[in-house]
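Chains: A, B, C, D, E, F, G and H, in written order; residue numbering restarts at 1 for each.
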Amino acid sequence: MLNVSVNNEVMQVQAPCCVTQLIEQAGFAQQTIAVAINGEFIAKRMYQQTQINQNDSIDIVKPIGGG
Amino acid sequence: MEQLATQDLLTLYDETFSSRFLLGTALYRSPLEMCNAIKASGSQFITLSLRRQNPEQNDGDAFWQMIKDTGCKLLPNTAGCKSAKEAINLAEMSRELFETPWIKLEVIGDDYNLQPDPFELVIAAKELIKRGFKVLPYCTDDLVLCMRLRDAGCQVLMPWGAPIGTGQGLLNKYHLQSLRERITDIPLIIDAGLGSPSQASAALEMGFDAVLLNTAVAKADDPVLMAKAFALAIESGRYGYLAGLMQRRQTASASTPVLGQPFWHQNK
Amino acid sequence: MEQLATQDLLTLYDETFSSRFLLGTALYRSPLEMCNAIKASGSQFITLSLRRQNPEQNDGDAFWQMIKDTGCKLLPNTAGCKSAKEAINLAEMSRELFETPWIKLEVIGDDYNLQPDPFELVIAAKELIKRGFKVLPYCTDDLVLCMRLRDAGCQVLMPWGAPIGTGQGLLNKYHLQSLRERITDIPLIIDAGLGSPSQASAALEMGFDAVLLNTAVAKADDPVLMAKAFALAIESGRYGYLAGLMQRRQTASASTPVLGQPFWHQNK
Amino acid sequence: MLNVSVNNEVMQVQAPCCVTQLIEQAGFAQQTIAVAINGEFIAKRMYQQTQINQNDSIDIVKPIGGG
Amino acid sequence: MEQLATQDLLTLYDETFSSRFLLGTALYRSPLEMCNAIKASGSQFITLSLRRQNPEQNDGDAFWQMIKDTGCKLLPNTAGCKSAKEAINLAEMSRELFETPWIKLEVIGDDYNLQPDPFELVIAAKELIKRGFKVLPYCTDDLVLCMRLRDAGCQVLMPWGAPIGTGQGLLNKYHLQSLRERITDIPLIIDAGLGSPSQASAALEMGFDAVLLNTAVAKADDPVLMAKAFALAIESGRYGYLAGLMQRRQTASASTPVLGQPFWHQNK
Amino acid sequence: MEQLATQDLLTLYDETFSSRFLLGTALYRSPLEMCNAIKASGSQFITLSLRRQNPEQNDGDAFWQMIKDTGCKLLPNTAGCKSAKEAINLAEMSRELFETPWIKLEVIGDDYNLQPDPFELVIAAKELIKRGFKVLPYCTDDLVLCMRLRDAGCQVLMPWGAPIGTGQGLLNKYHLQSLRERITDIPLIIDAGLGSPSQASAALEMGFDAVLLNTAVAKADDPVLMAKAFALAIESGRYGYLAGLMQRRQTASASTPVLGQPFWHQNK
Amino acid sequence: MLNVSVNNEVMQVQAPCCVTQLIEQAGFAQQTIAVAINGEFIAKRMYQQTQINQNDSIDIVKPIGGG
Amino acid sequence: MLNVSVNNEVMQVQAPCCVTQLIEQAGFAQQTIAVAINGEFIAKRMYQQTQINQNDSIDIVKPIGGG
C-alpha cells in the first residue's frame, strides 16, 4: 500500500498505481480536472505511464470562479 | 460616432475585443446571478481559476458547464500562488484544462495587501512567455517593474488600482498617469481595487485600455445592474478619452457669453 | 433592468424626465455642432439665455429657430445678473419670450469665481416663486443656504461642483455628501464645474439626481462624442447608485477563493 | 427729439414714441425679443401704451446660447 | 531669523500678538490639564463661553479664577446661539462679565454640521460692530459671505477648515486658497475642523494668519504634548510661508548634480 | 515634555540622533547659504556625493573643507548610479574617501521619474551589507521590496514620498500607512518628494521616524528660514504622533458644552 | 408670589423682586455672572431698578470652557 | 605612451604609469579624491602597485553636494 496525500487529505492506494488509477480511486473519473504531483504539473498524456510513489503529494484541481 | 463604437477595438496579443470590460466569476450569490451579471456586463473575456475540491463536496462539472455556456473567452488566473514555481505549474494545469494559452499571472507577495511580488512575477513571466503562454501579469504601478515585464515579452500589463477587494479606486493617479505616458506601445488594463463605476470611467479617461474587476460587481446589492453600470462607465470613460477632455482651469470662466449682458450701463 | 431604465424617472416640479442630463447651449464651434451634441447627449432639457444684440450684427431669429427645432424643453437662465432685481426682471423677460415659467436662477456674487450670491439668491428665489416661476437656483453646497431656498419654495436645487468652467469636478465631496444626506425630499442637480464623464458618474453615484453642464462638452475636442460620453457616464452613475455600491474596505480581500489553494500542504 | 440709450447705444427718437415704435426704429421689428426700460421688464401687451421718456435706458434682448 | 521671530506679529483690531495659536478651553480631562496645555501652546488668546449653572452644581468661581490666572487675553464666544438676537444678547453679557469688547461670533445654522448661518451671522456682525464690539466671526469659506462680513466692519474673519470637532482638516483647499487670494487686507484665521499639527502647518503655509482650535488638543491622548506639537506646527507653517515654498513640479528633477557622474563614458 | 524632547531619540544602526531631519547639501545658491541652512535645520546627518571634476574647474578641497566644518555626520549617496555594480563601486569610493561605512544607496531605474530600481537595489544592498556597509536604501513604498531589503540586512529603509525634486509630498498615503503598519521593527525615513513643512509634519504624524530632503530647502526663496521651518515641522509631527492624534470624526461635535445653553426654554 | 423660570427651572419669588434680590435667592450672590430676562441682556447697573414680572424667563450665566 | 580616458577626457601618459603618477599628472595631487579604473574601485593602498594600461578608463572623483 502507498500512503499519499491527495488535495492535502491522506489516502491509501494499492501499489503499483498510475495517475489514471489514482484519479478513479479519488473519485474524479470523467471529470474536468488537472493534476500535479509534488508541485509539478502532470500532462494528461502522461497519466498512464506516471507511477505514484510513497508519500507523493497529489493536487487534483477543478474549475472555480476567479477574479 | 456609431462607426467609432464599432471600430474602436481593444487588441490583446493580436486578438481584438469590442468590450473593454474583463469580469471575474467569483463571489456571486449564485451561479445564475453570475451568468446574468456577465450578460449585463457585455464582457467577452472572463477570469476564472482552479482549486482543489474534495470528492464528497464534488459537484461534478456543473460550474464548468455554466462557464462554457457563457460563450466568453476564458482567462484563467494563478490567484494565490506565492512563488514563480507555483504560478508556472498552475498556469500549465490551466492551459491543459481550459485549452488556452492565455493566463492572468498572479504571484502574491504579501498575505495582507495581496500585492504582486515584483521579483517572482518577472521570473514567472519570462518562463511562461518562453513556454508560449499569452501572459497578462497582475502588477503594481511601478514603472521599472512594468518595463521589465514588457521586456520579458508581455504584450499587455495589468497594474492595480488599489489592493484586491478594497474598492479604493485609483489610489495613485500620479504614478498611473506617468505609467501611461511612458508605456504607450502596449495596452494597460487596470486590474483590482476598483469599487465604483466612476472609478472605472476615470481609468479609461486617463488612457488605460480596459479594466478587470470582480468584487465591485459581485458584492453590489444588485450585481446585474452594477455590471451594466460598469459597462456604461467604461464606455463613457473611453469615449471621454477619445473625445479629448476640456482643459482643467484654475479660475472660473463664464459659459453664457458676457457680451451683451442686459441692464449694464456705461454710466454705472 | 430594461424596465428600470424606463421607470427610473427624474421629477422636477411634477414634470418627469427620462434623461438626467441637462445641457448648455453656449461655447460650441458652430450651431450645427451644438445641435449634434444635444442629440448625442439625449438631453431633454437645455439651458439658454437672453442677451442684447446690436441691430447690425442682428442675425434675425436663426439661433432661436434652431433651438426650437431641437424639440427640447427650455431652461432659460439669468446668467450674469448681479442682484435680485436684475435676475427677477430678466426672468420675467425670459418667461414672456420663451413662454415658460421655468428659470435657472443665477445671481453672481463675485466676478472672479462666479459663485452664487447667497443673499441675493434667496431674495430673488422668494419673489420668483411668488410670481409663479419654477425656480432652479444655481447655488453653492452651503446646507443653510440650500435649506433657505427650499423653504422659499424651490422644489429642486442646483449646487455647484466647482466654479463655472473650471472642470475641477466635485471639489468638496464631504459637504456635497452631507448635503445629499440632509436634503432628501427634493432633487439635487450638480450644476457647473464638471470637466469629465467620471466626475458626472461620481455625482450620481453619490445620490445626486442629475447634472447640468456646458463647457465640458462644448470645449471638448469632439463635443458630439463627449456629449455621448457624459450621457453614458450619467446613466452609469445612476445605475451604480441604484445597484448599491460595494462597501469600501481598508484592507485587501481575495476575490478568488482561498479554500482549496493548490500546492499548499500541512507540512509546509 | 428724445435721447435714449438702447442696449447701451445712444439713439434719438421722435417724440412721442411708444415701445412698439422704438422697436421698429431700433430694427427689431418682427423679431423674437423682450424689452426692459430702466431695468424694469415691459410686457408685450404694454408696448402700445408705454411711452419712451427722455434719457430712458432700454434693453432689447434676444435668445442666445447659455449654460 | 531670530529677529523675524520677534518681529513677525499678528495684528487683530490694532492689537498685536506674537503667537498665532488661539486655543479653546473646553473638553479637557481636568482644569489642571487645561492650564498646562495652554502654557505648552504659548497661546496668548484663549476662547471661553457662558453657560447656565444650577445653584446646586455651582462651583463658585473656581474655573473663572483659573482662567484669569493664565494671564491670557480672553475671547468669549457665542457658541450654540441660533439667531442674531441670541448671539447679540450673549455678546453683551460676555462684554460685561469678561470686561472685553472682543467676541468670537458664532451663529449656528444647523445642528448636524454646526455650520455658521450666513444670514444671521451678517445681521449679528453688523449690529455688534455698531455697538463697538471687536467681532471675530466664525464663518464658512464662502467668499461672498466673507466680503459681506468685511463690509460690515469685521477686521478679521475666521473661516472653518471643516465642521467643528471632526478633525477633517482643510476640506476645501481650493476655496480657501482663492479666499486668501481675494481677501488680503485683513487677517484670516482658520477656525474649527483641524485635527492634526500638519493641517495647521498647511493652513499657515497657504497664507492664513493664525488658527483657532480646541478639540484636537483637548481630545489628544496627551493634550499638553499635543498643544506643543500644534505650537511648533503653526510656527513651521508660518516660516514656510515667509520663506517661500519651492515650486511644485510635475516631473522629477535630480538634487545631486548630474554633471560629472562617474562611470559614464562617451562610448557607452 | 522637555524630558521627552531629550529622550526621544532616533536610532539608526545602533547610533542615536536627537534630530530627525536629514538634509541634503546640493542646489544652494552659495556654500555659505548651505552652511547657514544646515545650522538652522539642526540636522546632525547630511547627505553628499562624489563627482568627477575637471582639473581646470578644480577648486581644490574648498567644498570638502566646508562640509567637514559643519561637524555633521556624513551620509554619502550613490545618486545617479543605474546598476548594482556602479552603486557598489561608488559606495566603496565613498567609504574610503569619507571614511565612513554609512551609505545612502540609490540605484535609479528610470531617467524620467528617477525612481529606484527595485531589482538592482536589492542586489546592491545585499552585497554592500555583506561588505560591512551601513546601508540606507532609497526605495519605493512597495511593501515586498521593503521586506526584501530588510531581509537583506538593512536596518533602516527610506521610501520615497514622491519623485525626487517634485515637492508633491506623500503621494500615496494609503501605501505608506500600510507600510508603516507592517514594518515596525526598523526605522522608516521618508526620502524625496517633500515640498513643504506640513508634508514633513504629516510624515512624522503617520509614524515615520525621520525625513530626508534637499530641494525643498535649497530651492526655497529663503533656504535658511525654510530649513528652520522644516525643523519645527518635523518636531511638531513627531510630538503629534507621540501625543496621540484625536480620532477623526465624520460628523460635527460641539467643543463648547451644549448643556446650559442660554435662552433655551422648554416651552420653545 | 411670582412664578418665574430661572435657567429653565421653575422658581417662586416674593413680589416685588428686583434682579439683585432674585440673584440672591437663586444662590448666585457674590458670583461672577451675567443676566438676561426674556432673552434680553440686563446690565449690572440696572439690577436694582429692574423688577421681575410674573412668568419672566431669567438666564443667569457663568464662565465655562469654550472653543 | 598610453592613451587613457580620465573622467571621460582623453589623456596621454608615459608608460609605465601607476595610479599615483596618473593622479599627479591629472592635477589631483594632494587632493581629497577616490579612484576607479574601468568601473572598479581602486583602494589608496593599491595606487603604487596598480599600473595603468592602454585605453583604461579612469574615474577620479571628489566630494560634491548631494541630496
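In this section, a contact is a pair of C-beta atoms (placed from the backbone, for glycine too) under 8 Å apart; a residue touches a chain by one contact, two chains touch by 3 or more.
Since we're looking at a predicted model, the values are computed, not measured.
Undergrad: State which chains count as neighbours of subunit C and simultaneously of subunit D.
TA: A chain counts here if it touches both subunit C and subunit D, which gives B.
Undergrad: If you walk touching chains, what's the least steps from subunit G to subunit H?
TA: 2
Undergrad: By mean C-alpha position, what chain is farthest away from subunit A?
TA: Here the answer is chain D, farthest from subunit A.
Undergrad: Can you compute the centre-to-centre distance for subunit C and subunit F, using the mean CA position of each chain? Integer Å is fine.
TA: Here subunit C and subunit F have centroids separated by 46 Å.
Undergrad: For subunit D and subunit H, let me know how many angstrom lie between their CA-based centres, rounded off.
TA: Each chain reduced to its C-alpha mean, subunit D and subunit H end up 91 Å apart.
Undergrad: What is the distance in Å between the mean C-alpha positions of subunit D and subunit E?
TA: Subunit D and subunit E have C-alpha centres separated by 54 Å.
Undergrad: In subunit C, which residues are in touch with two or more of the other chains?
TA: Residue numbers touching two or more other chains: 24, 26-27, 49-53, 77, 79, 86, 89-90, 93, 112-113, 115, 164, 168, 178, 214-215, 251, 254-257, 260, 262-263.
Undergrad: Which residues does subunit G have that touch at least 2 chains other than itself?
TA: Residues 7-8, 36, 39, 59, 61, 64-67.
Undergrad: Could you list each pair of chains that touch one another?
TA: A-B, A-C, B-C, B-D, B-F, C-D, C-E, E-F, E-G, E-H, F-G, F-H
Undergrad: For subunit E, which residues are in contact with subunit F within the complex?
TA: 1, 4, 24, 26-27, 40, 49-53, 77, 79-81, 86, 89-90, 93, 112-115, 163-168, 195-199, 201-202, 205, 214-216, 218-226, 228-233, 235-240, 242-263
Undergrad: Subunit F touches which residues of subunit H in the complex?
TA: Residue positions touching the partner: 7-9, 26-28, 31-36, 39-41, 43-44, 59-67.
Undergrad: Could you list, by residue number, the parts of subunit E that touch subunit H in their complex?
TA: Against subunit H, the touching part of subunit E is residues 254-257, 260, 262-266.
Undergrad: Flag every residue of subunit H that touches subunit E in the complex, lowest number first.
TA: Per the stated touch rule, the residues are 5, 7-8, 36, 39, 57, 59, 61, 64-67.
Undergrad: Which of the residues in subunit B come into contact with subunit F in the complex?
TA: Checking each residue of subunit B against subunit F gives 109-110, 112-113, 115-119, 122, 140, 142-145, 147-148, 162, 168, 171-172, 174-175, 178, 182.
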